[in-house]
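Pasting the structures in now, so scroll down.
Shared chain: chain A. Partners: chain B in the first complex, chain C in the second.
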Partner chain A sequence: MKILVCIKQVADLESRFVVPDGATWFAETDLAFRINEYDEFAIEAAVQIKTALGEGEITVVSLGPARASDGLKKALAMGADQAVHLLDEQGPVKDSWQVAQGIADWAKPEGFDLVLTGMQSQDRGSGQVSIFLSELLELNSVSCAVGLDAEASLLKVERELEGGLRAMVEVSTPALVSCQLGLNTPRYPTLPNIMKAKKKPFETIEVGDLKPNGQDVQWMGAPTSAGAAELIEGDLASQVAKVVSVLKEKNLVG
Partner chain B sequence: MKTLVIGEVVQGKLAETFSELLGFSAALGAETSGLILGDTTDRPSFSGTLYVAPGAEYAPKAHKTVVLEAIEKEQPDVVVLMHSAFGWDLAPRIAAASGGQQLSEVIGFEGGVYRQSCCNGKLQRKIKPGAGLCVVTLQAGAFAASTAEGTPSEVALEQSVDSAVKLTGYKQKPPADVDLTKAEKIVSAGRGIGKPENLEMIQALATALGAELGSSRPVVDAGWIDAAHQVGSTGSTVTPKLYMACGISGAVQHLAGMKKSELIIAVNKDKDAPIGEVAQYLVVADLLEFVPALTEALK
Partner chain C sequence: MALESTREIYWNIPSGSLPLMYLLSFVATGVMLWGFYRRLKVYQQGQPWVVWPDMGSRILRGLKLALTQKKVKKQKGIGQAHSLFFWGFGVLFIGTVLIFIQADILDPLFGVKFLTGGFYQFYSLSLDVAGLLALVMIVGMFVRRMFVPKMRAAIQPADLWLYLDLGLILATGYLIEGLRMAVTELVQNPELAQYSPVGHGLAQLLYPLGEESLRAWHLGIWWFHMVLVMAFLGMIPFTRLKHIVLTPANYLLFSPTPKGHLDTLDLEDEAAESFGLATPSDLRFKDIFDTDACTSCQRCQDRCPAYNTDKPLSPMKLIEDLGKVCTDMENGSLIDAVGKEALFACTTCSACMEICPAEIEHIPKIIGMRRNLALMEGEFAGEEVAKAMDAMEVNGNPLGYAPAKRADWADGLSFVPVEEADYLYFTGCYGSFDPRSQQVAKALVTLAEAAGVKLAILGPQEKCCGEPARKMGNEYLYQSLAAENIEMFKEKKVKKIVTSCPHCYQTLGKDYKDMGFDTEVVHYTELLAQLWKDFRFQLDKKAQDVTYHDSCYLGRYNGIFDAPRELLAATGAQLTEMSACKEESFCCGAGGGRILAEENLGTRINNKRASMAQETGADTVVSSCPFCLTMMEDGTKNLEGDSVKAMDLAELLVSCLPTQTPTEEK
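Moving on, here comes the complex of A and B:
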């Protein structure tokens, strides 16, 4: 089985983001980056499926600037067999349609049986690339998997719906499945696997022109927060006293 | 301006969020047509055409085909779905067939420009759609539900059977011993507690307050607490008198489940944590110190 995992390198979401005046993306200086959390579940799912089937080849791909190679190396250390870096320094500001085209243009001739990816990115959170990619590759696809059972030609997917309900879906391969948080427990790469990863095939391809979808990002910035929280700072004792007084005021405690 | 709004059916019921789709359309002053995908006897109230396509409740290819048919007939400018598991799955498929213009989880629309939230709510973007069809998904609760009346005129459309992707059934979450939707007070634990052993201190605070114990998604995913305690769009939506969020950053999905609580007090080391957008108070502290201290003071 030829398995493709698509990942994205994103900034650590605990960071403070600063958008320079007139810019449409935040400044990346001094930020730490990591694999998009949703994509980690996809990498783990691929490795588990390959183990369960006793065969398979996992390619991990990422479309992005130079720093995206770090995520690819970690994916190799988690168990992917080879990596492809679709190099695009403008990756973070390309629209989802462009990103999906970039991946599809490379992936189409490869003939993957199963494509796995996170259902959305932690930074833009649009959840579009996965489905756009499946449409461009003409693959059956199911989004938002919290359960995934793969046989060679049939996938059993549990989709997470609102309110804790789950939908059971069967889909025949070739197919794409996008992964939701909690699908599995992504493994930490062991040191031996990190060393082995250095020897695995790693290809870098420069991305060509990608047709944009015509949307114009006019502005990006901090929300104008109406009603932001009152901060309770200071020493512990005074913080506790303040909260107790708020609770008493609202008759929530005696 | 013409919109085509698409309603989802789950277990034979039309999702109530259809009224938010209508509300969005009304806010735009748009001529509205609707489409329901799946078998249901429920009907929304509005003036306009309602296409009804009985059949599977989840069938990506078949649904896409029906939507494109309705688009062909109605020629809308905007196709609108909720940003739900149904909507975020179907919307890009529709957009892919028409130039890739899709905007997810829209929170506002002013002067022809859409507003979206990103980076876990820390940033927002304003996006002007290009020419051609735009497919948008709406954040739940971002647009007021329509209170319009009226009986739409119905047109039947046929849903073909999707042989490659089959919905075989649903799984309910098992009945829980705790019903957070009935709780007057909730103290919730988030990823910030660091390790499962620290749940005890959150529970101790909950007990001291006479509150139920809640949690954010990562704590459930890590297996530290049962899913019955999860607050959020895929867990319980709660409206207690008091909601204390301990070590919860405030992901959009969590906020959706608790932002209507009467009094929200957050405890977080990060004073910029998005939970601050909905909380009245944010205690900037290490919860491992603050929580036991507060519990002690309440005794």
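Moving on, here comes the complex of A and C:
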């Protein structure tokens, strides 16, 4: 099975995000970067599927600036067989359609049987790239996977729905699945795999001109505060009394 | 005429019996030597033994430790009893050797006899007293083994034979003496008989039997005594008695590295197929030898914070389990034998290694096995630990905070550039990010200012020292963090470093040496104690009742016991020590990378330690480690009864700084 895992390197959420005046994306200085958490589920799922099937080849791809290669290296250490870096310094500010297009242009001729992606990115969070990509690659797509079993040409995907419900979906390959929290616990790369990863094929391809953004970000920054928080002070009894009265006042308790 | 003070060696023994006795001795000695030799192949399963270059000084050290019983005596009470027992049998052994020298070497070859006169009197009395001492001790040991539940639980099948044999050797020894004296001394040389009080008493009792019976009994019991002694010799390698040989032998094998040293693995080694300790073939000669040198005295287990809070780890059992795998000779899995839960429960507090009379090295083995799990399997004490590893990798701290915020705690404080500083204050992850420990970092800056010491910090350019990663077995992550820090230290030309965290202190000061960084590193307690002695700052005395919790890495690992106590005294605080303090301090539970892990098994170590603090009646438990402070803060909150406040020594000192700065007064 030829598996493609799409990953994105995102800023660690604990970072101090600074959006310079007039900019439409945060500045990258002083930030720590990591693989998008959902994409790690996708890498882990790919490695597990390959192990379960006893065959397969995992390619990991990332569209992004030079730093994205760190994420690709980690994915190789986790068990991917080869990496492709679609180098694009403008990657972080491109919209979902452009990113999907960039990946699809390269991926289409490769003929992957299974494409795994994270459900969304932790920074931009549009959750669109996987859907657009499946469209561009003309694949069936199943989103929000919390369970995934692969046979030679059939996937059984457990989907998380709203309201705590689950659905079981069967789809034949080729297909795209986007991964949700709870699918698996990504492995910690072992030292021999970190060392082996250094020797795995790693290709860097400059992304050419893509169709222009369909969207135009007008403004980015922290929202102006709407409601005011009230700090409840005093001794324990009066704090409790105050909390109860507030809850009642707002009709939050019966 | 006064008879000469001596006795005939082998009195009443027909000369024809002697060759048989010698033959038996050779056989018994042979069995003993074979008993030890047969284990050699077990020890050799491991890495080749590196012969130490300093064998002479090692032998001297080993003899000194064995003869002074220094390590054994650390256990008050039973340790002293052991050394009495040792010397009781020691004197008897020396006595026997002297007989051998006279009867088998000097007398037949040169006709020289030295067991005569005043020396013989001294000899005779010494042996009589030593024998009595040994007899009392063996009975005491037997009673302890049979009636103390903890000892009874660890009884070995051969133990009873061993006590019986030793007891009978001593008893028959006295009987032979009494029988001989009844015939040769009691009447003929009563003055000399005084120098064998026990033999004298027995001789008086036995005298009525008449010479013929006395001689017959003497010969019979002499043979019985000899057989018992031969049995003793033969039993040594197969019973607990083996420690008589293996414990001193283990003193020769000690690692001459600083306390807490761990091998810095060559991770780039292309030939290495596996990292860490997985099977006996990964162990060092000494590691396997350790498993035989263990006498199962339980001292480690008695002190182990994990064992004492119902976790599945006993350092003693761990060594025994490893011993079993090695003895199987099948190169089986060490980790399966010990159990992962036991491995992850260790706080590396080193209480086991500190007390072990046989110098067994538990912690390097535990870390070695953790390394195998971490590096080869990507396995840690829990998911939360794996997350912390990830955070260390991405953010340079295990708490997951943004590296850019590393100096936020220092907002409004003034520092000098590194090149102008007396010390670089390596704040550490807790000092930098943990709100409670940030208070300590600020207190330290205030104290440095009061003492006129110029500090610099690296802020966002500082990274975790790597200690928790290393202790959890993640040597790869440790080395990458260490390399980055060292590069930064070198770039900034750092000369001296002060830390507030004993874990950073140990790592920067000792572990980084293996990575090519050798710079003076001090802990703030040392630095401030010195500055205090140099009158560099003043303190107002405040009467308060405190107890002091020794951090493992400051105390046991680095011997810093006095500096914090001197500073406490300087504040006028009344210090009441906990039952477990200094070398015997009880860990807070956060060492060995466990600060990153949930404590899901057994009861909580910090609660136990907090109740020890409470028992002193002190209002405050003072510590000087951010991990200890974190654990004591939680532990004291869970206490029932009198409340105890947890404080860092730096905070206590700041609270005693005079309101006016002393520098103006001077």
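Keep this in mind: the second predicted complex is superposed on the first by the 226 of 254 C-alpha atoms of A that agree within 3 Å, B and C clash if a C-alpha of one lies under 4 Å from a C-alpha of the other, contacts with A are read in each partner's own complex, and residues count from 1 in each chain.
We adopt the following convention: a contact is a pair of C-beta atoms (placed from the backbone, for glycine too) under 8 Å apart; a residue touches a chain by one contact, two chains touch by 3 or more.
This structure is a prediction, so every number in the text was calculated from the model and none was measured.
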Chain B versus chain C as contact partner of A:229, first or second or both or neither: first
Touching partner for A:16 - first (chain B), second (chain C), both, neither: both
Touching partner for A:192 - first (chain B), second (chain C), both, neither: second
Which superposed partner A:33 touches (first chain B, second chain C, both, neither): second
Dominant toucher of chain A (residue count), chain B or chain C: B
Touching partner for A:159 - first (chain B), second (chain C), both, neither: first
Overlapping contact positions on chain A, where the chain C interface meets the chain B interface: 14, 16
Complex contact set, residues of chain A against chain C: 12, 14-16, 30-34, 185, 187-192, 194
Interface residues, chain C side, partner chain A - complex: 267, 275, 374-380, 383, 386, 389-390, 394-396, 400-405, 460, 476
Chain A partner contacts - residues on chain B that touch it in the complex: 10-11, 57-58, 60-61, 84-86, 88-89, 91-93, 95-97, 99-105, 113, 116-132, 164-173, 185, 209, 217-218, 220-221, 227, 230, 233-237, 241-242, 249, 252, 263-266, 270-272, 275-285, 289-290, 293-294, 297-298
Touching residues on chain A, where the partner in the complex is chain B: 11, 13-14, 16-17, 19, 24, 26, 95-97, 100, 119-120, 122-128, 130-132, 135-136, 140-144, 158-172, 175, 181-182, 213-223, 225, 227-233, 236-237, 239-244, 246-247, 250, 252-253
